[in-house]
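Chain naming follows the written order as A, B, C, D, E and F, and within any one chain the residues start at number 1.
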Amino acid sequence: MKRMVGFGDMMLRLGPPGYLRFGQGNCFMCYYTGAEANVCASLAIMGVETDFVTRLPDNAIAQCAIGELRRLNVGTRHIVFGGDRIGVFYVEKGASQRPSKVIYDRKHTAISTSSPEDFNWKAIFDGAGYFHFTGITPALSEGMPAVVEAACRAAKEAGVVISCDLNYRKNLWTTEQAGKTMGKLLELVDYLIANEEDADKVLGIHAPDSDVIAGKLSRDGYTQVARRLVERFPNIRGIGITLRQSISASDNIWGAMYFTEGTAYFSREYNVHIVDRVGGGDSFAAGLLYGIGTGMSPQDTVEYAAAASCLKHSIELDVNLSTVAEIRQLMAGDGSGRVQR
Amino acid sequence: MKRMVGFGDMMLRLGPPGYLRFGQGNCFMCYYTGAEANVCASLAIMGVETDFVTRLPDNAIAQCAIGELRRLNVGTRHIVFGGDRIGVFYVEKGASQRPSKVIYDRKHTAISTSSPEDFNWKAIFDGAGYFHFTGITPALSEGMPAVVEAACRAAKEAGVVISCDLNYRKNLWTTEQAGKTMGKLLELVDYLIANEEDADKVLGIHAPDSDVIAGKLSRDGYTQVARRLVERFPNIRGIGITLRQSISASDNIWGAMYFTEGTAYFSREYNVHIVDRVGGGDSFAAGLLYGIGTGMSPQDTVEYAAAASCLKHSIELDVNLSTVAEIRQLMAGDGSGRVQR
Amino acid sequence: MKRMVGFGDMMLRLGPPGYLRFGQGNCFMCYYTGAEANVCASLAIMGVETDFVTRLPDNAIAQCAIGELRRLNVGTRHIVFGGDRIGVFYVEKGASQRPSKVIYDRKHTAISTSSPEDFNWKAIFDGAGYFHFTGITPALSEGMPAVVEAACRAAKEAGVVISCDLNYRKNLWTTEQAGKTMGKLLELVDYLIANEEDADKVLGIHAPDSDVIAGKLSRDGYTQVARRLVERFPNIRGIGITLRQSISASDNIWGAMYFTEGTAYFSREYNVHIVDRVGGGDSFAAGLLYGIGTGMSPQDTVEYAAAASCLKHSIELDVNLSTVAEIRQLMAGDGSGRVQR
Amino acid sequence: MKRMVGFGDMMLRLGPPGYLRFGQGNCFMCYYTGAEANVCASLAIMGVETDFVTRLPDNAIAQCAIGELRRLNVGTRHIVFGGDRIGVFYVEKGASQRPSKVIYDRKHTAISTSSPEDFNWKAIFDGAGYFHFTGITPALSEGMPAVVEAACRAAKEAGVVISCDLNYRKNLWTTEQAGKTMGKLLELVDYLIANEEDADKVLGIHAPDSDVIAGKLSRDGYTQVARRLVERFPNIRGIGITLRQSISASDNIWGAMYFTEGTAYFSREYNVHIVDRVGGGDSFAAGLLYGIGTGMSPQDTVEYAAAASCLKHSIELDVNLSTVAEIRQLMAGDGSGRVQR
Amino acid sequence: MKRMVGFGDMMLRLGPPGYLRFGQGNCFMCYYTGAEANVCASLAIMGVETDFVTRLPDNAIAQCAIGELRRLNVGTRHIVFGGDRIGVFYVEKGASQRPSKVIYDRKHTAISTSSPEDFNWKAIFDGAGYFHFTGITPALSEGMPAVVEAACRAAKEAGVVISCDLNYRKNLWTTEQAGKTMGKLLELVDYLIANEEDADKVLGIHAPDSDVIAGKLSRDGYTQVARRLVERFPNIRGIGITLRQSISASDNIWGAMYFTEGTAYFSREYNVHIVDRVGGGDSFAAGLLYGIGTGMSPQDTVEYAAAASCLKHSIELDVNLSTVAEIRQLMAGDGSGRVQR
Amino acid sequence: MKRMVGFGDMMLRLGPPGYLRFGQGNCFMCYYTGAEANVCASLAIMGVETDFVTRLPDNAIAQCAIGELRRLNVGTRHIVFGGDRIGVFYVEKGASQRPSKVIYDRKHTAISTSSPEDFNWKAIFDGAGYFHFTGITPALSEGMPAVVEAACRAAKEAGVVISCDLNYRKNLWTTEQAGKTMGKLLELVDYLIANEEDADKVLGIHAPDSDVIAGKLSRDGYTQVARRLVERFPNIRGIGITLRQSISASDNIWGAMYFTEGTAYFSREYNVHIVDRVGGGDSFAAGLLYGIGTGMSPQDTVEYAAAASCLKHSIELDVNLSTVAEIRQLMAGDGSGRVQR
């Protein structure tokens, strides 16, 4: 699979250890993360060459973030410096009926104050095969849609395949803003990834017979969602949708659909006992792109992506640290969790 | 809701982190807690003005306990100083078939050696609306029943509503002692709280067709228990009973009954994956009193109290750190644990 | 029950805390352990006098291992010193569909380079009643089968009952090597312990109608396995087999069979929510030997052993820290995990 | 001593434990702090009634900060809510020749976007005796000088004594901006606190014969600095200056001067082995104000303030947790550190 | 050296990690300790057979204490069970000018409610060579002097050498009570250990020209103290006195005197950078007894004891984990702290 | 400065946190390190392109080591896989008079069983400017001298400058073995680095008037050592020697000499309060090579190298995380440790 370029925000994730609430204890676990960076990292662990592009302040905390990317084997040479701050978000892990809580402090960050000319996309895309961004990046500030669009146009020009995860964040923009901006960007996109709510929130396309809060998901409904997405954006060659049924903060049922060339492929479903679900969607995107990039069949692609993201739920923090071998073993049906010696 | 006064013991809770047993590792998590203090803290988080009354030794460890109460917004101005020691208890968290273990070291504490004149109840109850104590406080020493009775009589005089959680502790007194002392105190009580075993142990009133160890609980049985309690103590205006079915140390089914004006109201049941169940009863008491104090309907009261204490089971340590908004969300049916961003 | 002697390896177990993967964080929990040492420790906690025999390098890390044995009340006076290193193994705890991972670094250890004359078996077995070893010990190096055989012959001479846990480790030797060596040693063994795979791997005796990966276990099948084992080794007086159905790395169904005098006895089954499953087999062996050594009936023996090892799964690290009273309480049917105050 | 009001920023302090650098390990110790909040907290521990005024976002992290203030017995009822974020700063503790490092991320915070009308100063100063602010608060944004000036004018009107710690921060504003703004505010100030560099940086008044980097401080020089300050601001009744000689990040010599009514009083000097020097200046300000507010002699005032801040250097994190008794013991000459049983 | 028997209290030591104060953070390091137990443990590490005798409650926390003794190779077979509680003490480590703080909660413990007949001294002393107790043990309750005296008389009868560390604790008894009780017990003692204050506090014998708080110690003065002690108690064959000059809580000068047969021997002095000074006196007692028990010359004895206790100050928690080889290396003059590979 | 290649071992460093001894607590801090890897990492942080070459087993622990190298920006593309194990070493940090203790378990590692043809030196040195190895690498096994010699010859052929740190390890080989092997390898070396003992131990060249244990070092003596080294190995263009005076495990005096073209240059001396001294020599080597590689004057070179390694002593674990700017600041004389905001 050719080199993948990700573009987006990089933040410091902070949160109390285990199941403590924010006010309990005197330390926060810390980690450096971002939706697109997570996709790059997951692909890097699968053996794909990647480059993550962002803008970071020139300080020691940003250097920690870059060091972490390097550790995960993600390319960092195209990261540019400037601006005042790295974003921060706070995660309190939920359990049982208590939901996880995320508080974002990501305004005024280095990337959100960037402009199109900060990035040399021609050099960045030289020799690249894939470009990935999410709906978070254009939502970061008023100037960011233009920055993302410039990246997409440069990618198109370079013959690079573009993937986008809708990733709607209600505290960054309204559904109207999201719909308008993403509607325009999606005309440039080849592969679309979404979760069970995104299409509804961003594009007003919802799955009949499904009720996300009640955990009721309809296979037919999501097939129709995909069909309508392709009708509106005929440029889209494939759509991956994660299907999460939340039993509680501790237990979910997890599966996925991949729609391509008019047909919907569904993965097996997993009863997931959750260690950390942050980054679940990103790990699915990485799995889907790996399947597409390595030429798997549509059914194998969705199975691989579902297995990858199933494993992510058993891993602390945001990045899916699973290898191809580990994912394939689960994909092959061994979810028994027997000790590997 | 008017100011609530709690009276009782405050202890240092110690225990190994996670699921380690007492002898594993070289640190104990520490926390300052007590049954009535937990009720005050939970109500304070719900926005109710509270005062916790106790007697503590004049040392730096007791100051830590007071600091923790202040942090939780519980009033501490009526705490008096004297005596030798703060109590200690050791908690080893169970899992699966292994039960949690609690070792108490609460004899000879500052409060257990207090006398009625240590507390200026007239000043304490000035402007207060509620007084809460549990069956633990009179059990702390031979002198304590008189101290508690003095508090109750002062509360009655001040027109303060009295609530009591039976909270039988077999290592503090015998069922006979408990029955005699509590039987007398209950004649002063307006609202009674108990768990599925207390009424049986303290007052000899047991629920037919129920077997607590086997996890079999009968709705009719507990309605009869409540009826008989009201027959014996006609002064009691409402009875809340928690109904716990222990599948294992990791999983419980949790619900509650509220009996008032001749009718029993049952909450929905929750499948709880336990983070820490210590303080579950206290959080129920706080929820029930909040429902009563803010004028909820009986059904809403029991649903609120059950949802509050359901959430407590997902929170580390003894205090229910849930806000009214969080409890109302679960009460409204969203127990899916989906991430709150 | 008379003194039990265990002989085998002692290693340093290292692994990240909680559910972190190897590369996450900057500390490893550390513990000193070994299959036979775990059996000795579990029996010592049950009140049985034990001695653990091994060879360790003369350094401060080995002294930590010995200190840990002493803490657990295991006799250490027959440990001999020499060689270069103590073995190390790395454990990454799995969860949900992600399996636990164990990496061994146990070659060239002090014990693996020992020779029969390093141990004064005559003195060691003086007054002892039981000798326990596992299939790991002869697998440690080419010279070890002779060392183990010498120990067994000395035990036989001293009238000591010999027990052996097959414990096949595929990264130590091939099934052929194991079959040849163990086939010879088993002729000296009185009690045999195995898990659902060992007999198949080591001796080529498999349970019909069972599929371990799919979690399908057949009672009849395992009875046949036992029967065939006794046919081949008529000296074997009893066979204990653990029966694990792996739902996931977080949840297992656990039970056991004890076959003696032509009859198979099955324990009740437990739905286990796993804290740490390493050492599960060792805790079963200890339970079984305790039942045999204290003269329990075969049914009680298997129930005791199954309850003991069920509890082990709820305990961190390798040793079953459960007391006889705790095991008997579960054996008697109380697996409700209600708080013990 | 009458109630003290502090006004300023409240931030989340983050940093690796011990002497680790930012990129080492995966957790940050966390604490909630601010220059004026530290002064309030230190006075509260000394038994003075205090109120800390700030503006915080309405989220769970800000609630943690407020809880911490409450724990320290600082009044929080005048804190107002609004704005987007709480500031963050990162501290890496130095040792030996390696300096401590602080990275601020305090722009766009709730307080920096506040306006004069956000605070009801009339109510806040009702019954108060003292008002304290530092040079950090007006530096937080372009609008903040007006907010601080409004507070000072309201304090003056209410007859409240005003104290100010110059606290120059070069990454918040230039010396020119600081000089202009602080020059105006100091006309309203009764007591001024500064460290060995502030007067030079902010007001261009430097101590002859002193070289801060080389650790050379001149008593006469600092007396002249004080004299010139009083010449320029005749409203100032007292000036406290801390005198730090940095031997290394681990060892400092610490003392102070108090200048009042034309005379300079010098404290004894302490050889300080540093645990955490952040908040050293704040603890000096609190000590000085306590001396002034409780009517100590000028010599006692400076000795008390120096002893208080000497002890702070032996305490982790920003707040001086020393009691009056502890400070008086050191002030009385017992710095031997003998165990207090 | 023949077997040493220690008799005294065993407590749980609790305290925040590093230099945190009691109210900071949410965990306490925990350890099981006692003055005489520390002496036994130190001797056990030096290779001496020891037995520690105490009375403990029959619970899991006491079992942890016993396990820790076993880990340190201290004999525990003569520990008896009964009573309600194990004592607790809280330690906050000081630094620089801030003293360490110890809060005791050791009343009503199992040992303090023991009676002479709880211990079978005849069996305990069978084959023993040494008996050690401290001035803490008779101070634990009104009944304890009789218990200690019974032990001493039994020791004398068995021909066992008795050593006593004066160890005055002002929160356990007054100097008058101590003087009266210890004066009587010392008539049975062969070797006496004291620190620079004990003889003054307990027996009213003080060193001229010495001022402990100011850190001024006079060699002649302490020689006179020893002389007067021997005059009063001619049965005493040797007296060891530790000589601590407290520069600060971080730095001490440490040395010792051993007085025997009319001559005072002084050790070299050590500039100690303190890690944990709790247990320093106990480690000196152990070192002195080792020197005496193994027949060292008086000068070697005091050098060994001083070197042993010097090393203890560099070790966390109460027990001197130094081996004979490590102590001899320092005694031989190598205090350079160069890495041992 | 041109690319630097390092070749040597990579190990897992384990040790208890803070000043705990090996047997205290239940976790070990873990880190991946090696003498040459540390030099590469330090240079990478200074902005030099580096490649570390080693042989590692193909397992997850080795992957952690590689990830750590990547995080530090060290090139890892020439690492080869094979063999059984990664080495382990255990570090117990000393304090005051207690020395640090290191236990090695580095036999039979992947690299020690490598052969010359495992490494493609031609490709490795393509475009490189420097090659660094230490005396540890040829000492790892009997086969390693040939492997190192092959590397050196290939370096020579490629016109790469060779540096060597003598780094004598007495538990790997005898002084005779070391002298013979190193004597041969040094004929290929351009720059030699040694500490105050190495030349004596390996080559029998000692500094008159110096006594390392007593901390007495003679400038003239070390100049003579350098002169004699150059006489014996005229190919050597420069010699760096670190000069450590060990006051205690907590405090050292640290300086260095650089000898080139017949002249000895001495750095200033630093009074170092030690955080972690492991890796001190490696950080000196990196500093020296940086000075040489960037064309500093000999005096600046030795000052830079001494300042770099002085800072290392204040940093936890093995790698000098100091930047060029930080080192230059200390080199310029600012060792006051004042906070950098």
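Definition applied: a contact is a pair of C-beta atoms (placed from the backbone, for glycine too) under 8 Å apart; a residue touches a chain by one contact, two chains touch by 3 or more.
These figures come from a predicted structure and were not determined experimentally.
Student: Pick the pair from D-E, A-B or A-D whose contact list overlaps the B-E contact list by over half.
Tutor: The chain pair with the recurring interface is A-D.
Student: For the interfaces B-D and A-E, which has the higher count of C-beta pairs in contact?
Tutor: The comparison resolves to B-D.
Student: What whole-Å value do you get for the distance between subunit C and subunit E if each is reduced to the mean of its CA atoms?
Tutor: 42
Student: If you average the CA atoms of subunit B and of subunit F, how many Å lie between those two points?
Tutor: Each chain reduced to its C-alpha mean, subunit B and subunit F end up 62 Å apart.
Student: Using the touch rule from the top of the page, what residues of subunit E touch 2 or more other chains?
Tutor: As it turns out, subunit E has residues touching two or more other chains at 18, 23-24, 26, 67, 71, 101.
Student: Along subunit B, where are the residues that touch subunit E in the complex?
Tutor: Its residues touching subunit E are 14, 17, 22-23, 26-31, 59-61, 63-64, 67, 84-86, 88, 90, 92, 101, 103, 105, 107-108.
Student: Can you name the residues of subunit B that touch subunit A in the complex?
Tutor: 18, 71, 270-275, 307, 310-311, 313-317, 321-322, 326, 330, 334-341
Student: Once bound in the complex, which stretches of subunit C touch subunit E?
Tutor: Those residues of subunit C that touch subunit E are 67-68, 70-73.
Student: Would you tell me which residues of subunit C are touching subunit D in their complex?
Tutor: It is residues 24-26 of subunit C that touch subunit D.
Student: Within the complex, which stretch of subunit B touches subunit C?
Tutor: Contacts found on subunit B: 18-21, 23-24, 94-102, 104, 169-171, 212-215, 246-251, 277-278.
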